[in-house]
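Here come two complexes built around chain A, the first alongside chain B, the second alongside chain C.
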Partner chain A sequence: MEIELIVFLVMLGVFLLGNFLFKLPVSLSMAAGAVAGALVAGEGIPLRHLFEGTFVYMDTILIISTAMVFMTVIQESGALEALNAVIVSKFYKVPAVLLVLLMFIIMFPGMITGSSTAAVLSAGAIVAPILLQMGIPAPQTGAILAIGAIMGMAAPPVNIPAMLIGGGVDMPYIGFEGPLAFLTIPGAIFTVLFIGLRYCKNLDYEKIKGGLDLEIGKKYGIKLYIPIVVIVVLMVACRMLPNLIPNLGMPLIFMIGSAVGLFTGKRFNAVKAIREAMKTTVPVLGKLMGVGMFIQIMTLTGVRGYIVINCFGFGLVVLYAAICIVMPAFGAVSSYGAASVLGVPFLLALLDTGDQVVIAAALSFICSLGDLMPPTALAGNYAAQIVGEKYSKVLRYCVIPFIVCVLFGLFTLLKSRSLGFLT
Partner chain B sequence: MLYIYLAIVLFLLVFIVWNMIQEKNVLLQIDAALVVVPLVLRLLLIK
Partner chain C sequence: MKIETKKSWLTAIVLLCLSALTIGYLATVFLAQRQEEPIYPGPGVTEIKMLSDWYPGLKDTAGDTEVYVLKGAKEGDSMLVLGGTHANEPSGLVAAVLLIENAVVEEGTLYVIPRANNSAMTCTDPQEGAPTRFTISTPNGDRWFRFGSRATNPVHQWPDPEIYVHATSGQRLSGSETRNLNRAYPGRTDGNFTEKIAYGVAELIRQEDVAIEMDLHEASPEYPTINAMVAHEDAMLLANSAIINMALEGVSIGIEPSPTNLHGLTHRELGDFTDTYALLMETSNPSQGRLRGRTDSEMVVTGKDKFYVKAAEYGRLYVPYDEAGHPISMRVARHICGVTQVAAAFNELGLGNLVMTNIPSYAEMEGDIGPYLAPPAA
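Let's look at the complex of A and B:
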């Protein structure tokens, strides 16, 4: 057995032991796996390399943290609740459109923050009572929240697995918006209609109205939405008018949006709200730090190259099968980990088969679906908690949308060359 | 732009450290420390 394989098995073994047996946080389990790998490879404890690894995700950390601050501000200001109320009161006569729009609300925080946890905990918690009052049973509501959050996590503008895969091959995160929208929007629409539409043929608006806050929209009007408009305008303007507007970067755009949001809706204790937001964000950031260390040690010890070379040795059929099965399964550990550990070699192995950005986007989409995999199942477990069900019951209703989404991802991989116009 | 970004890093760092100090679970404190170290290094422009 080659030394690289032994090192990789030790790293995985220590990580799994730490996470499942000793119940350590994912970040610490990954750091422990990285240290064990370095020791077995004869590198000692390479502190410099361990912290070098964490810097790979510095930009991502800043984006997630500031996006979380922004989401907290618009949630506390009442903008999300008002948007919910507007959509339900305007579209209750057309349940299919209503469901799709509610799905987009669930996705929104995930799109902005790149975190399915953020989507479930913020918009998911607001939309869930509405879905339940519309007559959708709790397990099915949980499934809509879980998959909606994952579609949001994978949707543009922020998709962290795509950033991780791109970072692994020095590919800038540019041109991903089209392919990611192509993958996630049909997936989200299919899921919400497939699971929810049969329960919503005849909606009773009077019943649903009880769960809506109709006053907040009347009190503050259109100005509630100004922070959202500001960030969309700044994001678009920086891309469209690079000669007029300097590239502000996503963190600064989110901070500007957050500052505006403090004055456009309900008054709230900003310091307390941001502190709470950071409390839920730190474990996600820690996980990225752990992934960074893990990948850095894999690179240092030659494990990463070993995996890449072995991936080249697979036939294309085996490779596609591994992408559809192993990548989402690795989500039981971490979907970010799947993107870094498996996404990068898979992308390298598929580089010649079509458009590289479309391939990276499809791989990131399939990786993101791993957030449904128990026991970690971040999106799924939080969604189940919100609707007050066991995750095993919720998971049952996620199976068909999950399979359809993976197959759609596979179709995109196979047709990436002809989908190159999306980039 | 550099100083604006350093200010953002400092802003986030304050909240993360605050949470780390208030956290009762030692493992979660270590978890937060993992995030704090690179942010401090970036703030001091060491890395």
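Let's look at the complex of A and C:
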């Protein structure tokens, strides 16, 4: 047995023991697994590496924290309730159209920022109450949010895993719009209709109406929506006019939106609300840091290379299997990491099999689905938090759409030559 | 079984103190990487300037970096060699140092920037598990060099945008490329920190009318552009002649035209925005690859890795690879051979005059570059 395999098994074993037997938080269990792996590999306790590994998530942590503040502010100010009432009352007669429309709203921030976390925490928070009002149970609503956010992250114009994969082989990010739209739009429509339509085929508006707050919108008027408009305008403007408007960054955009939201609706105790929001998000931030330590030790000790090289050892069929299984699984660490570590060598291995841009797009699509993988499961975690459910329950309803999307990604990979017209 | 912890002020204080001690210790480790590896100017060095001498906007910043000037007794043309554009590609840095410590210019001028992205030398990339230093044995003791990051230290330029838009072309890349010097050319004075470094390099070329620019890189063995010279279309004739010369020295190397739709790189932008012949060289470095095993300073120096041997067996690499690995001596020797043969081809083609001597040949260096590095100071 190779030493890298032994180290990997020890890391996994200690993580599982810590998490399931000793009921330690995921973050601490991951850190313990990383330390154990380093010890077995003869690296001692490499403090520098343990610390350095966490830094890869620095920006993500800032985005998550500020997005949580924004979400809390628009909830407390009444903007979410008001928007909820407006959308349901306008579209309740055509639930399928309403569902698809809502799915595109969930996707939008992800399309602009390339981040599923930003999507689920901004648009997801807005759409969730509407889906719940329409009668979709909380776990299923969470699943729609999670997959919608991931489809947004993978959809054009901004797909960061595709950029990372392309960057690894010096392929410019050109011609990706068609293949990415081809992959994500059917995936999004299928998911929302498959999970949601059965619950809202015959919506009883009179029944729903009771749960809607129709007054708050009338009381505060259009100004209630200003924070949401500010966020959308800043996101789009920074992206569309990069030479005119300095890049503010998602954390600052969320903070600006939050600051505006303090004055546009119901009054509330901002300090208390934000403190509560941060309390719920700290465990996820810790989880990210634990994962960062874990992967740094995997790289240091050669476990990462061991996994990658073993994906290449058994011909094309096993390579496709590895793409469908290992790449999303690596998303448990990071979907961006999967794109960089696995996506690049997989693309190189498949260069001769078809259209390179379509292949890179399909790989980035499959990578993005990794944001559903526990224990990190960024999209799933926050979707669950928004609907007030355990994330394991939410993930259960993601399984079938996830499999369908992976298979669709595989189909695209296999038929990339014929799909070259999309580029 | 659940581990119960007693929540108390004492526990909190003890944990905070431990955290503070750890952070204090790690801060010293982090700052230690700012200590520069010694470079001993050889007989050919006539002046040591700073990049800010050409672009004062870099003065007193982490982007300012030493420019070693090797001016010949006779007037002639000039060449700029860039090492350390990517500080995790160490043969560029070591090759530049070897030139500084050995080369003598008879006609023309050689400019060498060993740490083109000086900021990138001061950190390593998270999740890469990289060493911070490596050593090369010389007959008179070990020489140490830093192993840095592909990109500018985030302490000097942060945060990254989600998308990096290249200023002159509008090309979009992932946000992390914002700090990549070799995606920032031709640079601009009102851009980000890395773009300003790129602008400084372009200004040096413009102000000194540098005829040839060579950017020394490394790539992982699974990357298609490897053991290659990448040339701007204006420099193709020069590159073609040089690689024939290199082949005669026993160095097998390919030639790649600079893609016209890939922007921000030296071989594209310095060719487009200055009058220089823009060239870039790649050698094969397993220590930056995605398939590598245990990552340490030994791998950086020996270039040996068992997983790359497997990858070669699976036919997944673009270079031959076996148990002998790709040692740094061989990688540096390739770069030095490229520099000397480009200069030779430049003269042979009648493009100008640049005569350099006292540079060891590929055959002399391939097995061991140690004898050609200056002895470390006591």
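Methods note: the second predicted complex is superposed on the first by the 219 of 423 C-alpha atoms of A that agree within 3 Å, B and C clash if a C-alpha of one lies under 4 Å from a C-alpha of the other, contacts with A are read in each partner's own complex, and residues count from 1 in each chain.
Everything that follows uses one rule, which is that contacts are C-beta pairs under 8 Å (C-beta built on N, C-alpha and C of every residue); 3 or more make two chains touch, one makes a residue touch a chain.
Just so it is clear, the model here is predicted, and its values are computed rather than measured.
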item: Contacts of A:Lys279 with chain B and chain C, given as first, second, both or neither; value: first
item: Contacts of A:Lys201 with chain B and chain C, given as first, second, both or neither; value: neither
item: Superposed model, chain A: greater residue contact from chain B or chain C; value: C
item: Partner chain(s) touched by A:Leu24 [first = chain B, second = chain C, both, neither]; value: both
item: First (chain B), second (chain C), both or neither touched by A:Pro172; value: second
item: Which of chain B and chain C A:Leu164 touches, first, second, both or neither; value: second
item: Which of chain B and chain C A:Arg267 touches, first, second, both or neither; value: neither
item: Partner chain in contact with A:Gly249 - chain B first, chain C second, else both or neither; value: both
item: Partner chain(s) touched by A:Gly313 [first = chain B, second = chain C, both, neither]; value: second
item: First, second, both or neither for A:Gly290, with chain B first and chain C second; value: first
item: Overlap of the chain B and chain C footprints on chain A, listed as residue numbers; value: 24, 51, 54-55, 58, 62, 249, 251
item: Residue ranges of chain C in contact with chain A within the complex; value: 1-3, 22, 25-26, 29, 124, 126-129, 132, 154, 159-163, 165, 167, 171-177, 222-225, 259, 261-263, 290-295, 305, 307, 310-311, 314, 316
item: Of all residues in chain B, those that touch chain A in their complex; value: 1, 4-5, 8-9, 11-12, 15-16, 18-20, 27-28, 30-32, 34-35, 37-39, 41-42, 47
item: Complex contact set, residues of chain A against chain B; value: 24-25, 27-28, 31, 51, 54-55, 58, 61-62, 65-66, 246, 249, 251-252, 255, 274-275, 278-279, 282-283, 285-286, 289-290
item: Contact footprint of chain C on chain A as seen in their complex; value: 4, 21-24, 41, 47-49, 51-56, 58-59, 62, 113-115, 158, 160, 163-164, 167-170, 172-174, 238-239, 242-243, 247, 249-251, 292, 295-302, 304-306, 308-309, 312-313, 337, 340-342, 344-345, 348-349, 351
